[in-house]
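Okay, so chain A shows up in both of these, paired with chain B first and chain C after.
Then we have the complex of A and B:
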């Protein structure tokens, strides 16, 4: 288990170790492991995704259900201007269905002020399309006809 | 994809001219050094018994503690970047409640897949805003940290911010915002994509007459998404 602790005046944050937090994407004949949070490698992934599994530095493993037409990966961070400190807030895995998008928000931090723990997942549904050049298509045989 | 690299810059001249580089300092724009054990600091000062600090530079650790106004609010008149790397404090002459547009810049090298949000927090936990400068006073319950996105347009003279209860201002609005955590923040572009470009903002501290005596060091932070 690897954690970063960021001490503030009012609170301490525990954050995942970014270099040890990554995804593994399964394809029909192979798997590709991403880099850490600072160099995820998502852009270079080919289409044809079968399944995405996310590994956090704390040992938490999160499997995204293999049922979407396409997937999008995003990292949310805050960077302080004057001391270069960084907090990794969330990883988002977004899955595209026919008429909506399911968003898996995975918490990368925890502190004493909020209930959210590292590895907690918040799932939301969004009917607004998300335009991005970085959607990766799923392998057709693994897309479920769910709306 | 690698995480994008952000370069924080400030205009050291009175020339209201955009930054033309791609992350390196030039004859007008200096980099705010953010690495090492003694990073740069943004200092709002002046309006005290010393009638301000010297320009264009002042010795490290110089301060002219601002005297509170008898009524209303006072824009703290001077802004410096205190730079141990430079060996002194460097004045930012265009900063303030004026029509100056190219004052502070963030150059984004690489791709951000959201807007670049400017926020202010008590510290680098990024989860509280209880210090006086961010919480305000009894008669002026706004954050004192006024800022405006100037990426697309010049601000109006005597611009002020408003404190939002959950939202942001954009460059297109031409309206300032008083920074308070993620409740009241600034979008520097107004679009959900930023790539290899500079975004701009201006900033000042508006000190109310009923402010307590304080010396706060809130954190100016940028929030964004990348793939």
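Then we have the complex of A and C:
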């Protein structure tokens, strides 16, 4: 288990180690491992995704069900304007179905003020679909007809 | 990198890397050595705003005064708590023509006013999830200046019909470049400037926290809403990287401008908006960015604040791929 600790005056945060938190995307004939949170490599991935698995530096492994038409991977951070200190909040894996988008929010932090733990998953349906040039299409044989 | 955001400020001769925002007495020559601080002298203005680079610090605001005109990079009209009847012939108070060489107008707190002479509806647009109605409106300024007009005007909802006497609350924004920076309270040469050099940043939110955990606001300045920014986020339609000119297309603005917006954690912030890198000149060949500008200030911090350290952290929350 690898964690980074951020100590504040009123709160202490345990954050995943960004260089050891990454995805592995399975394709029909190969797999591609992403970089850490600072350089994920998502933009360079080809289409044809079969499955996404997420590995946190704590040892937690999260599998995203292989049923979506397309996927989008996002990292949420807060970065100080001036000293570049950063808190990693969440990873989002968004899956596109025929007429809706399902979002898997994976917590990358836990602290002394909130109940959320590293690796907790919150699944929601997006009310406002995000516009991005980096949606990656799934391999057609692995898309389920679910709405 | 998945997204590359650079930040700069204008130091009087070139764009420089910023290392600190400093609020201290203005009783110091500018530029001064980085790290210079001073007590407020009796009878002098309270703290002003400085930007500090690694070697020098540069004064940007000489006092804590709020924007005397609701201006920023775009010429714009903010109606705020005001309202007016949206019909031809209506006199709109708080309007003045500016600058004289272009067709732009900005809102003044002064008693200037203008009269709507023509209105035409141009369609809808959505900016950061807010639906706007687009109108082409011709104003006749009543201060004796020539008639001013433009073709990119937006009202936020609820939008009125073209005729009738509906009262319009809220704000109206005008997409128009300001040519003369020194007459504006906030502009590229006194702002902290973010540019997306690569990739896309989603749901950007500028706010402030009391420390590096970015989770609490136990700081009197933040709790009293004393930390404020004037800001906007947009795609440039021309100009240079150092002095980008706002594009006047329907999608130019990433988020409506914020005038004197207090920042305090999740309770008070500017956002949320997307910043997308514009590659290869965009659709016109001249577009670039996107850019996010802000000018910070402290508001009315006086002797009721005891001497001490009120440090806090300004942060940009965002998502990237």
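Brief remarks on what is shown
Note that the second predicted complex is superposed on the first by the 142 of 147 C-alpha atoms of A that agree within 3 Å, B and C clash if a C-alpha of one lies under 4 Å from a C-alpha of the other, contacts with A are read in each partner's own complex, and residues count from 1 in each chain.
The definition used in the following text is that a contact is a pair of C-beta atoms (placed from the backbone, for glycine too) under 8 Å apart; a residue touches a chain by one contact, two chains touch by 3 or more.
Note that the structure is a prediction, hence the values are computed from the model and not measured.
Under the clash rule set out above, the superposition-derived model of chain A with chain B and chain C contains a clash between the two partners. By the touch criterion stated above, A:13 is placed in contact with chain B and with chain C alike.
Of the two partner chains placed by the overlay, chain B and chain C both lie in contact with A:81. In the superposition on chain A, A:30 contacts neither chain B nor chain C. Judged by the touch definition given at the top, the superposed model places A:124 against neither chain B nor chain C.
Only one of the stretches 95-103, 149-157 or 293-301 in chain C has C-alpha atoms clashing with chain B after the fit on chain A, and that stretch is 293-301. Counting contacts by the rule stated earlier, residues 6, 8-13, 38-40, 42-43, 72-83, 85, 87, 89, 92, 111, 113, 132, 134 of chain A appear in both its interface with chain B and its interface with chain C.
Residue ranges on chain C touching chain A, taken from their complex, read 1-2, 7, 18-21, 129, 192, 199-200, 202-203, 209-216, 218, 274, 313-321. By the touch criterion stated above, chain A contacts chain B in their complex at residues 6, 8-13, 37-44, 72-85, 87, 89, 92, 111, 113-114, 132, 134.
Against chain A, in their complex, chain B makes its touches with residues 1-3, 6, 8, 32, 34-35, 39-42, 113-114, 119, 122-128, 130, 219-227. Touching chain C in their complex are the following residues of chain A: 6-13, 38-40, 42-43, 72-83, 85, 87, 89, 92, 111, 113, 128, 130-134.
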